[in-house]
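Each chain carries a letter (A, B and C) given by its place in the written order, and its residues are counted from 1.
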Amino acid sequence: MSAVLRHILDARQFTRQWLDDVLFPATIELQQTPAAQFGQPLAGKRLFYLFYEPSTRTRVSFEMAATLLGAGVHGIDSQEDQVRAERLEDRIQVLNEYPFDFLLLRYHQEGGAARAAAVSRVPVINAGDGVGQHPTQALLDVYTLKRELGRLDGLRVALVGDLSYERTTNSLAYLLALFSGLTLYLVSPQLLRMRQEVRDYLERSGAQIKEVRDLRAIASELDVVYVTRAHTERLQHAQRFEGDRAGSYALDADLLAALPQHARVLHPLPRGPELPAELDADPRIACFRQAANGLYVRMALLSLLGDTRD
Amino acid sequence: MSAVLRHILDARQFTRQWLDDVLFPATIELQQTPAAQFGQPLAGKRLFYLFYEPSTRTRVSFEMAATLLGAGVHGIDSQEDQVRAERLEDRIQVLNEYPFDFLLLRYHQEGGAARAAAVSRVPVINAGDGVGQHPTQALLDVYTLKRELGRLDGLRVALVGDLSYERTTNSLAYLLALFSGLTLYLVSPQLLRMRQEVRDYLERSGAQIKEVRDLRAIASELDVVYVTRAHTERLQHAQRFEGDRAGSYALDADLLAALPQHARVLHPLPRGPELPAELDADPRIACFRQAANGLYVRMALLSLLGDTRD
Amino acid sequence: MSAVLRHILDARQFTRQWLDDVLFPATIELQQTPAAQFGQPLAGKRLFYLFYEPSTRTRVSFEMAATLLGAGVHGIDSQEDQVRAERLEDRIQVLNEYPFDFLLLRYHQEGGAARAAAVSRVPVINAGDGVGQHPTQALLDVYTLKRELGRLDGLRVALVGDLSYERTTNSLAYLLALFSGLTLYLVSPQLLRMRQEVRDYLERSGAQIKEVRDLRAIASELDVVYVTRAHTERLQHAQRFEGDRAGSYALDADLLAALPQHARVLHPLPRGPELPAELDADPRIACFRQAANGLYVRMALLSLLGDTRD
């Protein structure tokens, strides 16, 4: 991977060395800088967001990141009725003619970001492409783990919930696989198992994968519980289908009590009942610190994309 | 009330002295300043609007007010599908981690603004919370009356329309009650009477309250007619229900002719047929001057909230 | 036409001399200026967009044009539920009280822009009014033809598709009629013929008008093919109704092969199957250059509207 970051499309594009030597230090530096001292390194540059699906959180996070670095922000929202009525490539060819410097794309189908990058004049950032990936979420997740636990090697991580259609966990699994000694516990209904291609990738990378039904049975061994939305129709349907064999994909006080003191609970938000707000006072619940980290990771990514030295 | 304004949640938080000595002078000064000379007292600060219900008027008014004072504006609209899919407190905890300085909140349930203020790191401005209140609308309403009539004591004011579910009139009644010699005529269907708690508050404050069915009978005694939207399903249903006993909640040429020359007609807009555009040429119709005042009242409020000296 | 441009409402308001001496030179100059050197001629000015119908393309184009010239941009989108719940004139009277400098209006009914201009304190730009007009699209269309072909006199132009409800072709026909020796081929279903009033205007201006069913029959004589959306319900209904007599309103490889080498194909975008992306490599397909020109034409228009010298 060259020093120049061209696009952010797929968590598999990143190396461990780039995370350790480039992204994490750049993020830490930004996070330790008072807002007033960011300077305006991206002054005169412009981010365009093109959203075929709603995403208030990712949009606001990137909008703030760009603004704090001095860039302007423009965009098209999924709410604008006709957004899907036009070929993605056409939209991007028109945007190519305008003086934008970054394209933040959320697309409703897997592969959208790669299609965009193939025709875009400017760096494309994949802000989620259907059931594919959400690489910037995964980057902020691993940054959070590094910051909270001090290490990324030898982690025992449980990914919990719908692991089939949840792009966040796909991207996170790819990044975790860069580190040695990973044990990944996959806690999902049978119908929503992690996709075969992701599992194959993990195994080739040397990670240990264990599919478990009962999060409780392994709680005391975990460093990380990564909980995802469990109140989706898909997950509820899978649970009904599996009946008695169905596991639980939610955190509760008992489970939290069983976790080691050093462990951390992450959640990409928005959350539902799978992560009860009553537990928030426990310092192991890291989801809001995780969201806060997202701002700085995205600032670092924009800075790196905007650095066009070869 | 300290010199520092911490949140704007409820019209009952304000004192007469604060209106007279702080808000009105600050607003007048801004209104007499050419736009180019506002300076940028809020430069580097940022307003975030979080709208669980649509509000183009209030949003645009605050957005302009913030912009004219040099602040940046970001936000999430009610149109973005999933806005209600997340706990209010979660949203605010995430925003707490971002460098915002003001939170403008419209919520679909009463009490939303207070819930937000309980967890927000920054001042919360209630831009309407369900059937609760809309305090900044009421502040611009009383400012308008002061400016138009020269006084707020001894006023005879008719509030007209749906007084039960109309948060605007709740907040306005609370503010009018700060002034002496208030006579308040409540002109509404039986089904949509002003709520008991608001009436009790008014009576304790010494205001005279008179429920009237026929606006015409009292028109010649009024200083102010405050008309609200009468083309709502709720009001039409109430009128059908009451049949012959139903009053009229609209202004017409005859009624306008019966008003004193010094009287004023206000409306929070948008209006329907209850305030016919054909009457606009009459200088007593003050609704557009009222809207204009709103910009300056909101500039003053942002300035006061942004002033963090103790 | 005075040197001062007051509003942009109707393509018929422009003269050939103004296009040749004012708009085209101003646009060319902007298009040849590096973005960093635009200066900020509209610094401190503000554009407000008020959209009663969605329009991502026109909104983004004007937003960028205003931003590149230093103006601020605010607005209300058609998605905001209640946008149509208020009289247009009321909305504009409220905006009159705010420090805006330009009003960009898309309205769902013909005549909206003229109604707005009648009450607006600031210049109104018609960004489409129902089935009426879309004059800034037509200005960028003729600018594109001038740039691509080097001339606007003596052109043979085919307008293709729904010519009755397509405001774009109304405005373009009015502008083309300013130039001498125009031959206009109207290629539409009988049910969707160009409106009589537009045809009368064209004939009075001296243009030759030919209604043709088969684009193929005239392809070799054309300088310009202006294709419009053919995948609308209206057009498909008309084609079903006409059965065997129905023509084709799409471009294909055969038709492209029949066009002269110097000819150009334009399309206002977004396109459907009537202009297959497989043909894009042909340099005669000018639709993306056309979109790019739009940015500079709109910058020129804003500059001219903002120039208040008499």
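Here are some notes:
FYI, a residue touches a chain if its C-beta (ideal position, glycine included) is under 8 Å from a C-beta of that chain, and two chains touch if they have at least 3 such contacts.
Note that the structure is a prediction, hence the values are computed from the model and not measured.
Copies subunit A and subunit C of the same sequence differ in orientation by 120 degrees, per CA superposition (steps of 5).
At the interface between subunit A and subunit B, under half of the residue numbers involved are used by both copies, so each side presents largely different positions.
If each chain is reduced to the centroid of its CA atoms, subunit A and subunit B end up 41 Å from each other. Residue positions of subunit C touching 2 or more other chains, listed in rising order: 77, 79. On the side of subunit A, the complex with subunit C involves touching residues 44, 46, 72, 74, 76-77, 79-83, 85-87, 89-90, 93-94, 96-99.
Of all residues in subunit C, those touching subunit A in their complex are 35-36, 54, 56-57, 60-61, 63-64, 67-68, 77-79, 269-271, 277, 288-289, 291-292, 295.
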